[in-house]
C-alpha cells in the first residue's frame, strides 16, 4: 500500500521582500498593483491582496539590497505544525521559534538547504477590513479595489538554488510538499522543480541559480482572475513606467499565463493566471521536462530573454 | 487544541446522470459542451472534459426519467478509503462494495440520509488519449477541443434534499467534508449548504427540496476558465436551441458566475467560473446567509426565476 | 441608381446630463466609472473617457430634475456642417447658432420632433492631457486610469419619444442617419429605432415613451473593451452601492452586452460592449423585430424588468 | 476651409491568397480558424468569417507560390465607384473592368504603384446561410461556429512595398484613404503607413519591403472579439502544430493585440483584437513614429523577431 500524502501545510502564507527603496516599493504595490496596506512596524510595511484572508501576505522590509527576507507557510492545524517542526528539527536545519509577527502567532524558523529563510505557523489573524474597505459580499475578505492591477491573492514563490535536487528533496521529504513538475537535463541534473502543498499546481518553484549563489529569490507571484487581467496589468505597467522583463505569455511548464516585472526595489514580481487549472489527483505523477523540451521556449514559442534565466535578488557581483 | 481537518476524500470524481434521451444527451455533451466520449457499456456512455485526469467524469445512463444515478468521490489514498468506509458503515447507510466500473476500481456504495447514491474509490484509470486527441503540452490530459463550450473539468454537484441539515451533517461528520457557506432562515431551518473536500470552495451543494421529495438532483456543473467563456457558452446555447433557465449572472453565495441550462434528457446542467477563488484556510469559518440576505437575489440583483428554486430531477408529479 | 449614403455627421460627440446632485454625480462618474474631469464652468462639470479624443464627452449640469440637457454630433467637415444646418432649418426645427462651449466652437441648435435638444458643430478642442495623465503610447488620448470601470469612450444615447416614427424619420431624412434596426409591432406602430452616422451599429436609439411624455432620456452609454469589463463594472457597482437596474446581459437587438445602473442624479447610465461588431455595409438593410420576437426577452432569455420599459428622466408624475 | 474627407470606399472587402497547398490551406482556415466555405470554382475556394455580411472575404487560389492574388474594396455607392474609377484611370494604373466573381458584380481592376492587384466594386451578394448555419439572432450573418478560432470578420491587409511613400500617397490621393499612423525614420524615409477608409483605425497597412521586392504580401488579418480570443487562438495553434511567428502581444502602433502564424501555403496570417478602438475624428492627425520610438519594440517591450521585418510572400530568392 502506498504512503499517504501529507497535508500538514495548508498553503503558502506570506513573503517578506527586502527593498532598498521601501517607499517606492510600497507605492508600487499599493497604487500600481492595487494592494492594501494593513500594517506598519519598524522598517516594515505589511500588504495584502483583496482576496487574501490573512492580515497580510506581503511584508516589505527596508534593506541595503533587494532579496528575500523569509517566506512562510500556514500549517493545517496545531498538530500538523508540531509534526512539521519535528521533521524539520530532525533535518538539522531548524533555527527555533519566533514570537510571531504582526498578523500571526508563534512561528518555527528554519532554512532550506540552499539557505532561504522559511517559517511555519498556525495561529493567524483573519483580516478585518475597516468600514471603507468592507466588501458588499460577506464571503469576500475585502472590497474589490478597482485600482491598478487589483491583484487577488498571493499565489507562489520562485526560489533560486545552487542545488535544485537537494532543495526539492527537502521540500518533499521534510515539509511534505508534492512534486508536480520538474526539469531534468540529459546528464541527470535537475534544473527546476515545482511543488505544492494544496490543490494549486504549485506553491513553491525552485530554479537553478545560474551563478551558483545561495538563498536568492527569483520572484513572487500574485494571482489574477483571468488572462485578460494579466494583459491589462501590462497596459498599466506601461503607463506607470514599470519595467516589464518578459510576457505576457504562457509557460509550457504549469501553463501559467505570466507577466514579469521588476518592482522599484529590484525584485522580480509576477502577476499570473492559470485559469481553472488545479491538481486534484492525490497521486499526481510529476511531469518531467527534458533538455530538448526546455529549449523550445515558452508555450507559444517565445524565447524567454536571458535575464529571466540568470537574474535573482540580491544581484551577484557583476550582474 | 482543535480537531484536525480531514483530507480523506481527494475530490469529486464523477456523476452518473440518468436520461430518457441517451443519444440526444450524448450529442449535447459532445457537440455543444465540447466533451469527449471515452467509453460505452450497456446503456451507458462515458464522457470527460479535456482537463479531467480520470478516464471519465460524466456517465450517461438510459432510463425512464432524468435524475441522478450516483456520484462518486475519489479517496486520497487506499488508507483514506478504508477510514471513510469505516465511518460510513458506522452511520448505517452503507450498501457494500461494487467491483468498480469502466475507469475505476472497487467502490464502496452508500447513500446520504436523503437517499442519493454515493460511491468512494481509490483505484482509477488515468486518461490516455488516442493519437488524435494527444495534447501539445504534456501536462494537459487531452487536447483542447476548440468545439462548443469546451468545458474543462467537473466542478461540483448540487443535490436537493428534504432535510438539508441531516444531509449536511452527514457530509461533514461521516465523510469529513468542510462546510464553507450555508443558508439559515430566521426560524433556524437550513435551506442550503455548500461543502468541500479540497481547495475549491465547494464540491457538493445541498438545497432544500421544495416538494419534500427525496434523492433528487438540482444540477451538475463543469468549470470553464473565465467568465467570458461562460458568456460564450450562452451564445452557443442560443445557436443550438438549448434551453437557458437563468444566467449568465453571479451568485452572491460562493460568487460563482453561472449559466444554467437543461440538457436534452431534462437534467439541469451548469457551466461556471469562480475565477481564482479558492478556500485555502484550513479553519475557514462558514459564511451564514440569512433569510433577508437570501431575498436580495443574486449578486448583481437578478431575481432568479422560480423554477430554479423548485425544479429537480426526476420531476415530481405535477411539476 | 440608388441615392448615396450621407456622411455629414462624423459621430456622436457629447451628452449633457441634468442632475439634482451635481457633486454626487461627478463623484460617481470620476471615481466609480473612471472618467476624468476636464473642465468646470458655472453649474457644469465636463468629463471624458480615456479614449475620447475631444476635451469632453459628458457635461453634468445642476438642475432641479434629472434629464437630458442636450446632445451633440460633430460634423465631418465645415461644409458638411453647413449642409446639415440647411436641412435642419428647412425642417422648421432649427433654433439658431450658439457660440459654442468649453471644448468646441459654434454649434447649431435645434430639436428633434419630440423636443430633445441637439447641437451640431465642427470646430473642436482636441484633448491635451496634463503631464500626469499623459499616455505611454502617443496614439492614445489619455493615460489608462486603472480606476473604477475605466469607461473608454462615449458610445450612444437612447431617447424616449412619444412618436418613434416621426423622430426616426427626422434622424434619417434631416440628419442623414442610417437606420440599422427597429421594432415594428403587428399594428404597424414603431416601438424603437436604432440609427448610426458611422460604422458603429448605432449612435442614437429611440424608444417609445410609455407615458407619451416628450423630450425624455432613456440612457447614455459608454463603451468598454470586453464583456469581462462589463462584468467587472457590475462587481464595482456592487461595492459602491450603485443601483443596478438590469444586466449584465446581452440584448437581442444590436447584440449589445449591457449593464444598466442609475447615476446618483437619477439618470440611467449604461456601460456596454458590442465586441468587434461594426456595420460596414453602406447599404445595410434594417433589421425589423416583430412584436412576437420582442416578447422573447433578451438574447439569452432574460425578461427585462418593467422599469426598463417605462422609466425615463425626468420622471413623469406618479413614476 | 479644409478639403472634405472622402467616403467613396466603404470597407476592405476581400483578399485572394495564392497557395501551393490549396487543400491544406482550406483545411486550416475552416477547421483551425473556424471559417465557412461558401463557394468553389476552378482552382479557387471561397471562405468567410461568421460576421462577414458578403458571401466571401477570403479567396484561396492554387498557385506555384504563396502570395497575394488581389484584394478588393467595396465602394459606398455606384456613384462612388464611378468617382474612384475616374481617379484611378487618371493615375495611369488602371487595368479595366472585370465581370466580377462569385459573390460580387463588375469590378474595376488596377494596381498600386508597387504592383499589388486591387479591385473595387459595388454590387455584391449578401451571404445567405443554409438552414444548418442560420443564426439564432437575425442581425447576425451566420451561426457562430464554435469551432477553432471562430474568426469574426476580415479586418485588414498588410502589404510590403519597395517605396512606402509612393504607395501611401496613392492610397490617400487616388483612393481617398485616410492616413492614421506612419513610421518616418530620421533620414525622412517612410517605413510604414496605416490607412483607413472607415472608422476602423486601419484597413490597409504598407511596410517597406526589406528586399526591395514588389507586390508582396505581409499578412491578412481577421478580427476577434477580445484579447482572450487571441490567446485562445494561440492555444489552438499549438494543438494543431501551426507555426506561430510572434505573439500574442500588443503593437505600439495601432495598439493591435496580435498573433501571427503561417498558414500551410506559407502566407502569414494574423488574428487580432483592437478592443473598442475606433477612429471617429474626421480630421484625425496622423501619428508619426520615429526611428527611436520604433526601436523600442512592441507595446510591452517585446522585440519582434527578425522574420517579421523581412519575410513576405512570395519569398524572394534566398529567403
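Read from first to last, the chains carry the letters A, B, C and D; within each, the first residue is number 1.
Keep this in mind: a residue touches a chain if its C-beta (ideal position, glycine included) is under 8 Å from a C-beta of that chain, and two chains touch if they have at least 3 such contacts.
Source: prediction; values computed, not measured.
The chains in contact with subunit A as well as with subunit D are B, C.
Here A-B and A-C are compared, and the pair linked by more C-beta contacts is A-B. Averaged Cα coordinates give subunit B a centre that lies 44 Å from the centre of subunit C. In whole angstrom, the spacing between the mean C-alpha positions of subunit A and subunit B is 31. Averaged Cα coordinates give subunit A a centre that lies 46 Å from the centre of subunit C. Residues of subunit C in contact with at least two other chains: 137, 226-228, 235, 238, 299.
Against subunit A, the residues of subunit D that register as touching in their complex are 226-228, 231, 234-235, 237-238, 244, 247-250, 257, 299-301. Listed in rising order, the residues of subunit C touching subunit D in the complex are 1-2, 4-5, 7, 10-11, 51, 53, 74-80, 126, 137-140, 152-153, 155, 181, 198-200, 223-228, 252-255, 273-278, 280-285, 287, 299.
Of all the residues in subunit A, the ones that touch subunit C in their complex are 32, 135-137, 143-144, 146-149, 226, 228, 235-236, 238-239, 241.
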